[in-house]
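Two complexes follow with chain A in common, the first pairing it with chain B and the second with chain C.
Up next, the complex of A and B:
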C-alpha cells in the first residue's frame, strides 16, 4: 500500500512539475550520434545495424593483434558537416586519443576518441520561440566541443543461460560526441534543443536521428543553485529526458530543503526514478594518451567555407520559407516536411506543377497533407513518395481546381492510382475518361438541375428518419443525405449542388 | 630509477682521449682484432647440426618439412611434396629470395600456426591473416620454416622471459654442457639464435629498443633495424607502436640487404607506414660520397661499463674505417643520457595501452571456471596469463598514464623530440620528416658508430639471478641501442669477434648504413 501511495504521489508530483524560482535549474547535455557512414570509423567493415550478431566485423573491430586503424574520411566529412551547421570553429589540427577501460564490449581495452584536440569547438544553436517550443523569444545554447569517436559493441545478459553475450557489429561504428555548456534554464529548452538537433542530423543525412534505436543517445547533467552537478546517463527518448530531469530536479531540491548535501555522481534512469551508478570517488581513471598510430588530421584553412557551400538549406531557413508566402504552411506541417526530406522534395515539385497551371498553393497543401498522405493511412500502406509522381498528383489537383472533376471523384481516383500500378502510366485525362469521372458536361445546367432534384427527392422519400432529425435541428445530418446523393452519382455531381437542393426540398 | 645500476651514463675522459689518438693515428688498433672480424666457426654448423632438434629452443613452432640444413631445405623448395596450399599467399619459384628459408619472430602473424608472442595469453591464438612481411617474403620465393622464441610480447633483452623457456645462445653452447648456456639476448633471441644455428637463411625480428640488434650482437650475426615506417607493421603484435620496427637477421649482409629491399615498401594497411611520396623525397647520402664518409663517435656512448674487449673492438673498427679513407670524429648528443628513462616511460605507457586488448574475451587464454562478473574474468585472465615482466611493465605504464602521475609521457616525448633535434645537428643530411632549422655547414657526420652491447652475454643462470636481485639491471643493456629507436634511425649490428658494432644513419638513410656495412664486412 505504501509503495502504491508513493508511486501515486510521485507521478502526481511529476505531472504538476514546475521549477521553483528559489531553486535555479541548470543543465547541460551530452549527445552521442551514430554516423550514417557506409563503413566503420577505422575499418572497412560495413556499418549495419540489422545483421546477425558478429557478422559485420573486421579484424580491427575485434582488436586482433597486429591490426591497425585507418581513418574513414567519410566519418570526418559528416562530422565537419555537423560542426559547420552548428556554427562551430573547425579545428585545423585535431588528433585522436585512447581512453582506457575494461569491458567485454570494448575490444581494444580502450576507445579511440578525441580528448585533447577535438575536431570542433565553440558552436551554438539558437532556439527561437517562432519555431521551437520555448518560453523566451530566443535562447542560445553554446556547444563546448564536437569530437569523433568509436562506438562499442553491445552486451546483453542472457537470464536463462546466465551468460553475457557480446555483439561486435556496433564496435568501431563512428560516433560524434557533442557537449553543450550548462546553458539550459528549463526543461522546454532541453526538449526543444534535442528535437532541433534530431531534425538537423537527419536533414544533413548524417544520422537516422532516432533516440529509440540508440542512433542518438543523450546524457544530461543537472545542478541546482550551483551545487555539485549530477549526470544522468543514457536517456532513450524525449519523454525519458523530460521525466528524468523532472525527477532529478525534485530530488535535488528536496535534498537542499532538508539541508542535505548533493554529491557529484553519475546516475541512471530506471523508468520512474534516477539511481546512483557511481560516485565521483569511484570514477574510472581513463588514462588518456594520444593514439600515436593515427596521423593528425590537418585541414586546409578554407575547410569551413568549403563545407558550408556543400551544405543543403538548413532546417531553420526551410521553416522560415515554408511558413511564409507563397507556401504559407502551418508550422507543424512545415516541421513535418523538414523532418521528411523526401516528402519535402515532393512537395516542392507538386507546388511548382500546381502553380504553373495557376491553381492556388493552398489547394495543393490541402491535397498533399490531407488527401494524399491520408490515402496511405486509409489503405494501410506505408507512405512512399515514389509510388505516384508529383506531376501526376499535380495534374489531378489542377483538375479539381479547374472543377473538371469533383473532389469526391478525385479522391476515388487517387485511391485507385495508389492501388493500381498500371494506371500510373496514364494521364489524368485518360483516367477520367477511363473511369467516366468527368462532370456530366453533356447535360445542360437545367437538365442537370432537374436530375439532381429527382435524385434528391427520392433520397428524401427513402430516409424519413433522417429528414425528421434534420427538421428537429440536427442540421449536420444533411451531410448524410448529400453523401447518398454523391454515391448515387458516383461523385460526378458537386456536393454543393446536392446540399443546395436538399435545403430547397426540406425548406431549410 | 637507474641510480642503483652499475652503469654511469657519462663520458669517460680516458676513453675519449684514446679515440683522439685513434683519429690521429689510424694504425693504432692492434691488427689482431681484424682477424676476429668474422665469427670463427670451429664447428661446422652446416654439417653437424640437425635443425629439427633445435637444441637452442630458438623456435616455438616449426613447419613440417623443416630440413636438416639450409642446403637441404633449399633443395626441397619447389619439389616439396608437402602441400603448402594452406598458406594463403603464393610462394613463387622465381622471386628474388628463391632458395632461401626464413624464420619469423612469433609476434608476427602467420595463418598456419599459432602466433603466441611467447605469452601464455596468446598460446592458443591463431591469426586469420598473414603479416604483410610474411606475404612479401613468400611471394619472393622464400620459405618460412618456423617461428622464433622471444621475450614475452617483446619485453626483455634476454629471451628468458618466455612462456616456452629461455633461448640458448648457439655461439657459446656445447651440447649437453649446461655450463655453456648463455642468454641469446632479446627480445628477438630466437630469431638471432636460429640464424646463428643455421636453421634458416635469415630471420625476422622486431626491434623496439634494440631487440634485433642486441641478440644479433650476442649471437654473432648481423641484425638490421631499418628506419621506422619503412617496413609494414600490419600483422606485427604491438609492444610500443611508436618504436616497433621489423628487423632482419642473417649471417650474410647480402641476404640482409635483399630481404630489406623486398620489405621496404609502403603498406596502406599500416597507418604508420611511410607513404610513397615521403619515400621519394628522402635524400640519402650520395653514392659518390660513400668512400669518404665522416663517421661520428657519440661521446655519450663512452661509458664505464663497456667491457675492455668491447672497447678494443670498437677502437679497431674505427681504425679500420680510417684506413679505408673515412674520417672519424667525436660528436656529442647530450640527450642520449636521458634516453633510457624516456624510453622506458614511453614503452611501458604504450605497452599498457596496447596490451589492454588481451582480456581473454574474444581470443587468447581464458580461465576455465569463471566466477563473478565480466570484470572478474578479465582480471583473472590477465593475472594468470601474463608473465612477471609483462605485468611489471603494464603497471609501470599505467602509472605513467594515470592522472595522478603528472605528465611523464609528455616529458618523455619532449626528450625524444630533443634527441631527434640533436641527431639532426650531428648528421649531414636533413631529417625526412622533421623540418628543423639545421645548420647545413659541412663537417658533420654521415654515420654514427658505437658498440651494440656493453659486454658478452652472461650465462642464463647468472642472468636470472642478477635480474632477481635487481630487475633494472636487465634494462641497462638497452642504453646503446635505445637512442636510434627513439629517433627512428636505421641501425645495424655487425659481428666482430664475439661482439656487435652498431652503425646508425640519418632517418631514411638505410642505404648508406647497408653500404658501409658491406664494405666493413668485405
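Up next, the complex of A and C:
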C-alpha cells in the first residue's frame, strides 16, 4: 500500500556491498522511456496499454507496404520538455534515421531513431546529498544526448504450439532514449539518478515512470580501472539495476585479480547473474541511414525558452520548499509528495485550510501522513484523494487542534467519512453532533470522574482474566481495558483518564 | 529529388565528369534539365561490367556471407553453390555501393557516418520550411484528433490482423526453431 512505502528505504540492498578502492568503478547508463502520448510516434493509432493483443495498430505500425510515417507532435513536445528540464541544448535541426535489424517485433525491418542528429545534447543532472542518497555533497551526471525513437512490438514464445506470438500494440509507441556520460562512480549515484529521473518524468507527465511495467527500461555500461566496458541490457527495476551492477563489478574485479582479460561485450541479467549475449565481433551492424520519408525537425530558436517558462515547479524546487518553513516536512514525506502529485496538491489545500484557522502545520502533517493515508490502509482500500475534500479533512483537523473533539473520536469519524459517501456532504460540526462525538460539555469534572469510575468498574468486573494478567505483571494489558473504555464512550473521554482510573481501581 | 540525385552522381569520383560537362552552363531552362534527365549517360549494368577488376579485388569470405544473411534475417544454412552465387551477387552490389561513396579507403565506421550526408534525399533536408514555435507545436497537437484516419487503420477496429491472417485471431505468429 501507498502509506507503507513511506517507511521503506532503498539503502537496505546496498548495505553489504562495497567497492574495492583498488578497482575503480565507472558506469554510464542508457534509459528508454515510453512517452505518455495519446497517439503513436508516426501514426495516429492509440498509444494505450493493457489492451487485447493487436487491437491498437494501424497499417504503418505493422509495416504494411505503402504506408508512410508522420511525426506525432505530442512526442516532440514531451521530448522537448524533458530536454529542457534536464538542462540540455535543444538542437534546432534534428533528423530521423533507420536502424536496421531483422526481428519479428520490428515489422519495418528497421527502427526509426535519431542516430546522426538527436533532438538534444549536453544536458546534466546534479545529485545532491541534501536530497539524494549519495556519499559526496554534490555530483554532476552529464547527459550526452536525448533522442526520439519507436518502440518495438512484444514477442512471447508459445511452448505448446512452438510458435512466437507477436503483439504489435507497443510497436511504434514513442520512446525517448537518454544516454549519460560514464560519470557514475558508485552504485548509490546510479540509484539516485534513476530515482530522480523517474520522479521527473512522472512529475512532468511525460511517462508513468514505472520500471516494473516496462515504461522505463535501463541499460548500464560498467568498466573497472579503465578496462573494456561491458553493457548489461534491459534492466527492469531499481533492484535489478543494483544487483546486476554489484554482480558485474565483482565479476570484473575477480577477472582482473586472476589476471584475465575483460572482453567488451553485451550481457543480460538472468535474475542472479549476468550472461554473455554478444561479443564485440558479433555486434549487430545496424547500417544507419537517414529516413527518406521524414523531413527533419526545424525548431524556432525561442522554443527552449518558451518551454522553460511553461514548465511547472521541478521536483528539486518542491523538495526545497517542503522541507523548509512553514511545511518543515521530513525529506521522505516531501519525496513521497513529489512522487504523488495528486497528494501534493491535496496537501497544499489542506495546509492552507488548517493555517487559516491558526492551527499548526505540524498537526496537519501528522494527520495527513499517519491518520488519513493510514486510514486507507486500515480499510484496505486504494488511496483516492478525491474521496474526501481537503477542506473537510482540514475542518476535522482544526476541531482536533481546538480540542473540540478527541483524537480518538476524530479517527473514528475519519473512518466513517471514508466509508459513507452521504456523510461527506455534511459539515464537521453536523457530523460531531450527529454521532455525538463532541466532548461531554454538560458534565462537571467531578461528574465526569464519577462516570469514568463507573465505566471502569464495570469493565474490571466483566474481564476478570485480563485483570488477573495485569496483576501478575503483564502491565501492558491495561491498554486492552482502556480500549474498552474508549469504545464504550466512543472516544469522547481522554484515554489518560481511563488509564489513571484503572490504575487506581487495580491498585497498580 | 531527381535533380539532387543527379548532382550526387555528378560529384561521385567514379562517374567521369566529362559525361556531364556538356550540360554545364547549358542547363538554363526547365526543358534543358528535362532533356538531360531523359538522356541516360550510364547504367548500373555498365558500371559493373566496366569494373570487373574491381569485382576481382573484393574479397568476400564465407563468414561475411553468413553474417550478411543473418543480418538480413535470411537462412544461413546454404550450399557451397548457393554461397558462390551469393558471393558474386554481393560483390556486384559492393562495386555499386563503393561507387556511391566518394572515398573508398575509409573504414566501415566512417562510411556509415557518411550515410548522413549521402542519403539525405528529401527536399526539406535541403530547403527547410518555417521553424516550429511552441505555439505552432501546441496547435498541431490540438488538431490531431481530426487527423485520425480509419483508412490508415488508425481507429480501433478499422483494421484487424485477422484480415491478414484468418487462422490466428489476435496474434501474428511465427514458427519458432526453438525445441
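To be clear about the criterion, the second predicted complex is superposed on the first by the 446 of 508 C-alpha atoms of A that agree within 3 Å, B and C clash if a C-alpha of one lies under 4 Å from a C-alpha of the other, contacts with A are read in each partner's own complex, and residues count from 1 in each chain.
Quick note on the criterion: contacts are C-beta pairs under 8 Å (C-beta built on N, C-alpha and C of every residue); 3 or more make two chains touch, one makes a residue touch a chain.
Just so it is clear, the model here is predicted, and its values are computed rather than measured.
When both complexes are superposed on chain A, chain B and chain C clash.
Of the two partner chains, chain B is the only one that A:110 touches; chain C does not reach it. In the superposed model, A:195 makes contact with neither chain B nor chain C. In the superposition on chain A, A:293 makes contact with both chain B and chain C.
Between chain B and chain C, C touches the greater number of residues of chain A.
When both complexes are overlaid on chain A, the residue A:63 reaches chain B alone and has no touch with chain C. Judged by the touch definition given at the top, the superposed model places A:164 against both chain B and chain C. When the shared chain is aligned, chain C comes close enough to touch A:73, but chain B does not. Legend: residue contacts after superposition of the two complexes on their common chain; A:285 is shown touching both chain B and chain C. Within the superposed arrangement, the part of chain B that overlaps chain C, taken from 43-51, 475-483, 493-501 or 511-519, is 475-483. In the superposition on chain A, the residues of chain A touched by chain B in one structure and by chain C in the other are 59, 62, 67, 100, 102-104, 109, 164, 166, 168, 285, 287-289, 292-295.
For chain C in complex with chain A, the residues that touch the partner chain are 67, 71-73, 108, 112-113, 115-116, 119-122, 124-125, 128-135, 137-138, 140-141, 144, 147-149, 152-157, 159-161, 170-176, 178.
On chain A, the positions that touch chain B within their shared complex are 59, 62-71, 98, 100, 102-104, 107-110, 155, 164, 166, 168, 285, 287-289, 292-295. Those residues of chain B that touch chain A in the shared complex are 107-109, 115, 117, 122, 125, 127-129, 131, 233-238, 241-242, 268-272, 349-350, 352-353, 355-359, 361-363, 374-375, 378, 398, 401-404, 409. Every residue of chain A that touches chain C in the complex is listed here, in rising order: 38-39, 43-46, 52-62, 67, 72-74, 76-77, 80, 92-93, 95, 97, 100-104, 109, 116-117, 157-158, 162-168, 284-285, 287-290, 292-303, 306-307, 310.
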